[in-house]
Amino acid sequence: MARCCFLGLGVMGAPMAGYLVKAGHDVTVWNRTTAKATAWVEAQGASSASMAETAADAVSGAEFVFSCLGDDPDVEAVYSDMMASLTPGAVVVDHTTASADLARRLYAALADKSIAFVDAPISGGQAGAEAGQLTIMCGGDEAAFESVAPVMDCYAKQMTLIGGPGAGQTAKMVNQICIAGVVQGLSEGLAFAENAGLDPAKVIEAISKGAAQSWQMENRWKTMVDGKFDYGFAVDWMRKDLRIALEEARQNGSSLPVTALVDQFYADVQVNGGKRWDTSSLITRLKR
Amino acid sequence: MARCCFLGLGVMGAPMAGYLVKAGHDVTVWNRTTAKATAWVEAQGASSASMAETAADAVSGAEFVFSCLGDDPDVEAVYSDMMASLTPGAVVVDHTTASADLARRLYAALADKSIAFVDAPISGGQAGAEAGQLTIMCGGDEAAFESVAPVMDCYAKQMTLIGGPGAGQTAKMVNQICIAGVVQGLSEGLAFAENAGLDPAKVIEAISKGAAQSWQMENRWKTMVDGKFDYGFAVDWMRKDLRIALEEARQNGSSLPVTALVDQFYADVQVNGGKRWDTSSLITRLKR
Amino acid sequence: MARCCFLGLGVMGAPMAGYLVKAGHDVTVWNRTTAKATAWVEAQGASSASMAETAADAVSGAEFVFSCLGDDPDVEAVYSDMMASLTPGAVVVDHTTASADLARRLYAALADKSIAFVDAPISGGQAGAEAGQLTIMCGGDEAAFESVAPVMDCYAKQMTLIGGPGAGQTAKMVNQICIAGVVQGLSEGLAFAENAGLDPAKVIEAISKGAAQSWQMENRWKTMVDGKFDYGFAVDWMRKDLRIALEEARQNGSSLPVTALVDQFYADVQVNGGKRWDTSSLITRLKR
Amino acid sequence: MARCCFLGLGVMGAPMAGYLVKAGHDVTVWNRTTAKATAWVEAQGASSASMAETAADAVSGAEFVFSCLGDDPDVEAVYSDMMASLTPGAVVVDHTTASADLARRLYAALADKSIAFVDAPISGGQAGAEAGQLTIMCGGDEAAFESVAPVMDCYAKQMTLIGGPGAGQTAKMVNQICIAGVVQGLSEGLAFAENAGLDPAKVIEAISKGAAQSWQMENRWKTMVDGKFDYGFAVDWMRKDLRIALEEARQNGSSLPVTALVDQFYADVQVNGGKRWDTSSLITRLKR
């Protein structure tokens, strides 16, 4: 069993860290808001679960350090606090959805200290985290990936080493880009169906096995039609992720017309009160 | 067994009419270009398969009349030639992807003669037609649908009565609207992945089970990456279908921003030589 | 002085026909809704102004026939009623914004009868019509244009023969395409300025002499900021014109991404009650 | 006459600094690439024009400090080098097009030292700089603006104090947002005209006095049709400016759909070799 550290006990991080405990690891956690760390330790009810006062204390002595924070500046802040306390030979894994540039910079900075870094953004949502069924897209060295994969396995449905440093983040961007198009297309289709007076259930029954099918269609059509968005992956997070993808596209010379447009449509949703609504709330712009 | 007539032996119509023969029906076909009808009759090698010189001759005496033509004006032309020869009590089924307005007009015109009309556009592509595995979206009366469904069953994977006259066409529009968003999102994602230097196979492996998943992703990512588009559903047909959807949207008050945009992107593909390429060729606009 | 006929006494046609009277011509008008024709004749108070019961009566004997109707089907209906009554040698000028296809068809049909046809859509709005200061974009033969230009001069600020039949309509499409981009850009700029807490008057003062300048900026910024749209060129008309342009683009292989998008944005405005608002009401979509 | 300092002798800065000399001021310049500073001093041929080795040296003792650099990081780098050397009571004016956030931060940091800061992005292009005919959009305190306005007057056509710190930058963003829509609309219109076989000169003659008119139409239609883009405001600069505007929009809750889309279209132009082409090169995407 390994000595693990988990930084960031948010919606995603808390259950992930819990799975590490269940898998038998020694887990020290840290969270900016201490109350969450206290509650987490209590909820585990295991002597192998403990908390530290600072991120630096939390990582000291850990073989595997995991983080799941918010955005680039958050990762930069926490890492600058704790990097000096990392143990050479450790493997650091960042599950935050952040920029590939940051991942490459952290990889390089840690490599200088003989510490491995793997960027490892996740998908699967809160439900996936709670069920220990996340998809993990990794970027970094194969050796580091191989050593940490058996540990992450406890909360993963699937783990893929996509390529070198930053590749995990870039793959996650591809994911979000694809979702932007799918959700907008589905939103237009469903709103059109309603405006045309069709029974959406029958339309979905007819088209959901063919070329128009998508995970979003199967899993979201009903809630989109019913206007239920108080769950899932928040619009604010989605805009963060699309911003990161659009910035990366500036650098790699990609043109993302619909992604950029849908990102602006999400601005409408935010202004209409949807900052915390699920990404499928794009349809609200189109409903009368 | 029923007396059937099939008008239009194109890519889709020819195999569909063939399945009617295989199912044991008496089938009389007509095609504007006579050579296709001759070839089709020969290929069936069955005395129950015959051809007529005119559409009017073909439909005379038929209990079930099927058509699978190109666009609204084509349907209008053929129907105006043959409508006077239809037998009262017959059920007429149009498999063409055409406007809902036309379907409603034909329904009304035929109802006056005690003839039922079902608009029944299909999806599944050439492969689906050849395998007898089409999805059929129907609009019209329940009685007519019930009487013709057992006959269409021979080339159907799924048949749904969506609603009254025009509802089949409108459902097909929903299908095409959804596809427009999906394919553009996927195109942007894949082109971005390539520009970022990622191995697309690994990216797809990582993301194709989650929230970004789509039929298009599973069935088209490889050919999109490889630049193979000489198959499938042609861009020219797609633009026809999107035009029909956009016109319907004008009437029912829907806003289809990404559908309209993607339709214009297909104009780029057409100009670049892609009129007959598969719809997934949207990605060619984004490749360097 | 010439024997003129004017068909269609709407917002534009009525004042235009009035200018013909003022210029000393004999003018016979016809309008579908008779009351408008009666009122128009009364308002002229001149024996040279008269009305006819039918379009056919109105055109009979006229040297110059002008029409200013709604959309393609309207022109087709009126022309099919009156074409047989036209006098060989007459010049027929259609001021309706309609399709270039229709213009080419009418040109050809009339040419067979030795009647000239000029498509001559106008711009300048209600204000331009009332001031006799319209811009007229013409398509047709030079001889016909030369003969009718001195007559149209009474309500024109500028008349240009752009090219052969249909070229007037196509030039008008270019006009509307340019406007779509300008108005949306201006809307985004002004809404952004307000969201940023800037005084729009100062911003406009600063930027309205340079590279961002436009007629729309100079003439509409204030009413856009004030939310006043009960005047000008109606959204419903704009959508008709954009539809015509988008259809022409399908034929000539143009890609009009922003035009298509803005057309959909106008659908939002229509649904929000703006069918009769001025085109500058695009900004309402962006205001909180 | 005042003691002035000018930092950044690029395409814009060099002629601007020259006008300060011509107006009789004492001007010390600094440029990262020293050769440009040397050449500039020589070209002035006046004892009132001198250069310094470092930015810190250049600003020391100056009453008015002007900068015209590239992007946010450039301004941050130069200002962090020279800020400690500024004289209390000085007025610092940044002509760079940069973020409003940076302007607000610099304003606050300098205010602590009793130094005034005015963000003062410019428009008018290279031609405007060389002719001393720039439009200057200012943000900051009225007193500072009033004191520096008579100095800037030598290279200005127009100076407007839009509002408090950052307001100059935000006004410039409005300018660029409006341009994005105008240029794309014009591009679509001109490409459509060519595809329709129209003579663009005649079309422009007909439409350039009315509601479709814009500075871009009047000044760029010919070069756009001729495909000449080796002058003007570079696409790379435009993308920088649009990026800044889109980031600001994230913060102030604006939705900029067409701006975001056009920004992506510029990515196409960059990939096609147009990084240094004029912004009007958007039309190249649409030409066959």
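Should a chain be cited, it is by its letter among A, B, C and D, assigned in written order, with residues numbered from 1 in that chain.
In the analysis below, contacts are C-beta pairs under 8 Å (C-beta built on N, C-alpha and C of every residue); 3 or more make two chains touch, one makes a residue touch a chain.
Composition by chain, UniProt nomenclature: A, B, C, D = NAD(P)-dependent oxidoreductase.
What you are looking at is a predicted structure, and each value in this text was computed from that prediction instead of being measured.
Chemist: Name, by label, each chain that touches both members of the pair subunit A and subunit C.
Modeler: Looking at subunit C and subunit A together, the chains touching each of them are B, D.
Chemist: Suppose chain centres are the mean of their C-alpha atoms. Which chain sits farthest from subunit A?
Modeler: Max centre-to-centre separation from subunit A belongs to C.
Chemist: Could you put a whole-Å number on the gap between the CA centroids of subunit A and subunit D?
Modeler: Taking the average C-alpha coordinate of subunit A and of subunit D, the gap between them is 39 Å.
Chemist: Go ahead and note the Å separation of the Cα centroids belonging to subunit B and subunit D.
Modeler: 53
Chemist: Give the residues of subunit B touching no fewer than two other chains, as numbers and ranges.
Modeler: Within subunit B, the residues that touch at least two other chains are 249, 253-257, 261, 265, 271, 288.
Chemist: Help me check something: in the complex, which residues belonging to subunit D touch subunit A?
Modeler: Per the touch definition, subunit D meets subunit A at residues 239, 243, 249-250, 253-257, 260-261, 263-265, 267-268, 270-271.
Chemist: Mind pulling up the subunit C residues that touch subunit D in the complex?
Modeler: 100, 123-125, 135, 137, 157-158, 160-163, 167, 170-171, 173-186, 188-193, 195-199, 202-203, 205-207, 209-217, 219, 233, 245, 248-249, 252-259, 261-262, 265, 286, 288
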